[in-house]
């Protein structure tokens, strides 16, 4: 009997979209790069078993000056290459964890507002508005300053300032999807709200969420680096942002110290944004035809 | 009948001594005019040093002191032309300069001196200590002020410079709250420059005081004080020719080599007796593990002070192993030397103390805090040095408010890297950190270690009232040796006061106060 | 007359919307800030060099920090109801005065940044869309992606090194040549010169955003029937682009301007630091660091006002650009 | 016989993905109304765009000749072509809802073409716009001229489109499904208007439609297209009375007939089996998969449009054979 209700359209994240994505050379390049970065992040303890913050070399070795430290050393004699490898871990962890948390909050709140509508919607929209009217980076600074800068607090802080974007998006999707026949049908069958929200509607709202998620990972990495720049980084963990933050004073003389992690950030963020674009094209074929 | 030992020091002598320090060719009449663009890192809440210690440089331009100092802290006349001290050290008589007026045109009198000293005693963070023994300031006539003490205060005579104890107009401050930062309407002094404009967050403009008593000074038309919190921005501004002068290492130390060979800029690393800069680690002696002296000694052995000087400060610091900074040449006891940097000794001591390494190589964790005004790289260096001997130190990056609360109120730290500046005298600058009676929860820059040693207390209290300099030095030597042996702190280094200056300016730091000079003598040369 | 009534309706809606939002911001942030370790008295005592317990207690009493949080909040709200933002403990002056000093320079900076972001972004996006799929599009797409991916402070520092240190064309920071006593046109020119680099650093990220939005919007609009109609009339491509495509494409692009204003103010924290720009962003940052919460709340309040006003302006702009939009 | 106003010969439109129009040819005389009829997807709208040279960039018009007043439009440089568009050849589109720019007033959009081609001042153009609106029977033209499109009904908008199209007195007006989006009651009014304007302004009209029902009353001649190729061409009345091509016959049977009094003539509507999509990849006659009378030879190569008798052409060898046999029989 229940098969009758399988009228919910298949989520759009389908074979066609996947094929379109796989055919996009830029997306493949970007994905390849991200896979590489992720692999490096996982393999960090194998590549550099030492603590990346330990002072192992003569300070200010230029890249190539000493083959033992291919990317040189910083002002305290820390190995830049080791920092880069270990830094990828924290940067990716912060980016992905902040995105996951932000998206979760955003989905729950956006879905609740969009699905139920009415007073609940009004209240939640107001909440979103409060967060969106506050300059988000300022808010982030406040949050991190209060909780003291640590990887955990930075992650939570970034999530707390990014969820409203997702919430708005999800709310809009839910508002249009809840009127669809398959939702009415599901209601008619007496399904609970939770099931309708998460099993019937959410899969159909996924495409824009996925696209936005990759962009949020990118902007989380940027925000972490900006926080480090403002002196609000975690001093016990090395991240690309903290490498820039720690070495920005020597920017003029030993520019490679900021350039190396800077390039890593730019490339990773670029790759994430390219993937976002490609996903957007793949999931919205109408526009991609123009490309 | 008071026996007054009179000191006659002529203004001319002072400037003669300055001229001797400068090349003869420039000893001729300096030219007038020009705008000096001076940079400060942080914008202070007020430009006045009346009730805070963060603004000595700006304050000295607007307000004069009773005296000023040559590089060796020898007092020179300023608003006081001569002075004498009674043999028991309980009475200081100052003869005041004639014909001095405040910026608002009102005459300067002994009433202003009396008011200022009592106000400093009431509201100045250090003045409360410096002038603690002042019972009254008498003004027998308009040009004589007599400071009366209940106990001798040998350090008082070095605390009367313009950057430390500004003389303010009574008629302006009489009805002004003691603790409120004075605002622009209260910026009225007798100094060589007048506050013209203060754009918060950006800059302050000081104009030449045409009625300054020390004619023909000041030479400059204007001093612009810019507040620039970002080191890279300051460096760019210096190089772009937008700044002329800045102190406290205004550009990143790593860039200093470039400035040394800069065609337009000069690097000045003279040290000034008034600053007494000192960086030290305080142990929280309430932390059980740190109650063991062996652990504290091990930590001292784990730190390579010369490496700190060389890498963290790029050589712009001196190893300063004693609780009294090497910058206070008068009081520092050279017998106090750093504990030998030796990881093996440190490891051995820690093993002996019963803290073997665990499987991950670590012995025990410690929370490491640092004053955010200190270069974070010092904290980084200390953290890594500790990890090398198996102490799992976790650095906490706190901004100033959280730091002050964390160390002095919550005491949620095990080690803190402080910069408890010694200023010009150990009683004023050092005593606060080691005197058991100054262990006060919630009070910033107090005895954060919770160090208690009755002998140390006795020495400090005796030195505070000892007017015989030799005896006083003896007391402080004993103090230094005991504290060093007890190791409630590890004293690290004394950073140099690095000044970047336009090569065309002269006489920006004539005396012991460094850039706390009043700039009256600053001028441009071609 | 109709226009007037429309305007009035917009204003009323704005106020109705703004009050709860702003109240929410105040309460949320007030409580948040009270969670912060340390207070203004700690910071001031620390900054002043030393203190005694008595002065600390006195400071707390004076700043109203010695009463329960809820009472503090009520005091703040009742102040606010009388249109007072309170006093800054640190600066010893009214918050409104402090903000008032910084507001013009921040508004100018943000205005110029937004203008650059819009102008350049729309031009870039249109150029990309018109060459969609060909090499100029690909090149500009990569350029805009790079703008989008490079940290703002990095761009800022690099611009300073290039344009003020190496080339010496533009000042390295600040908002005017201090003490130059310039007047009239020279003064305006001087201010503009100081504004170019920070505004550009602030704008580039948004140039990328608007460029990408415009590209999508132009492509969308270009496929509309009325564009074909315009071509069938024999209009030259430029006229079609300007008159028929870009104007319609602006509609979706401007929608986000209000929200971006908040973002720009946040970004201003970083840029103002890099350029020593005496603006609200820096003031806000310092007030967090110094626990000068009245100032911070004031800035947050003001910025939400700005965002709400910007949103209203965007609505009005929409109504003007798009006759189909009835002002809700 | 003088040269026709528009002569389309061997027109082929290729896209990277396929060839939606192939080997199409037809002619339009001065003042004549030619209806181009076919299902959606038959290539009739692309043909219209090809005449205007407004095909998407990816399209390639090959091996075709489009001669207008003796000049080959395909060979004109673009600036020249712009002087043809809107002035000599005008076009109106199916969707009056979306074919007008929503942010410009009706008057401005009409005036735009006048100012462009006739160099009128904005004031003169506005005056003329009002006249034109009057000409297309828009009530209160002096008010409507300042209205935005969304304030007008569909019929009014299409009238405005027409006013815009005829503003410069074109020799040829291409109307691409001008009434499809409109209410049935409005359709006849709009078609009547077009017909009247054709007569008054002395222009030729190419009426593109999928609806054979409107052909009889408003068209002189009909070109039936199937899958990008001409299937049949004839005088309107002849075609309706005696459709020859199996596709035309199917089409006619499937369409509701709209007579002069706007009543549907009752009759069974029949679907043509299959769909036009099935023509893709067919080497021979595209209609073969749906054709009731297909012969094996039909599958080998696409049939050319051949003249059966003067003014009557058909691209169906079996029908042609039958007809010729009939003609021979009659003639004998």
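By written order: A, B, C and D. Residues from 1 in each chain.
Note that a residue touches a chain if its C-beta (ideal position, glycine included) is under 8 Å from a C-beta of that chain, and two chains touch if they have at least 3 such contacts.
If you're wondering where the values come from, they're calculated on a predicted model, not measured in any experiment.
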Please state, in steps, how far chain C lies from chain B along the shortest route of touching chains. 1
Need the most distant chain from chain A, centre defined as the mean of C-alpha atoms. D
Chain A to chain D: how many Å between their CA centres? 53
What whole-Å value do you get for the distance between chain B and chain D if each is reduced to the mean of its CA atoms? 92
Whole-Å separation of chain centres (CA-atom averages), chain A against chain C: 24
Going by residue number, chain B touches two or more other chains at 232, 398-399, 402
Among chain C residues, those touching two or more other chains are 36-37, 157, 161, 273, 288-289
By the touch definition above, chain D meets two or more other chains at residues none
Would you mind giving me the full set of chain pairs in touch? A-B, A-C, B-C, C-D
Residues of chain D touching chain C in their complex? 52, 54, 79, 82-87, 90-91, 93, 95, 98-104, 112-113, 116-117, 148, 150, 161, 164
Which chain A residues qualify as touching chain B in the complex? 51, 53-55, 59-60, 75-77, 145, 148-149, 231-236, 246, 248-254
In the complex, go through chain A and note every residue touching chain C. 126-127, 129-130, 132-143, 145-146, 148, 218, 222, 225-226, 229-230, 244, 248, 251-252, 258, 262, 265-266, 269-270, 273-274, 277, 287, 290-291
For the complex, give me every residue of chain B touching chain C. 35, 37, 43-46, 51-54, 125-126, 128, 179-181, 183, 199-203, 205, 222, 224, 226-230, 232-233, 236-237, 239-242, 398-406, 408-410, 432, 440, 442-446
Which residues of chain C touch chain D in the complex? 224-226, 228-236, 239, 243-244, 247-248, 321-324
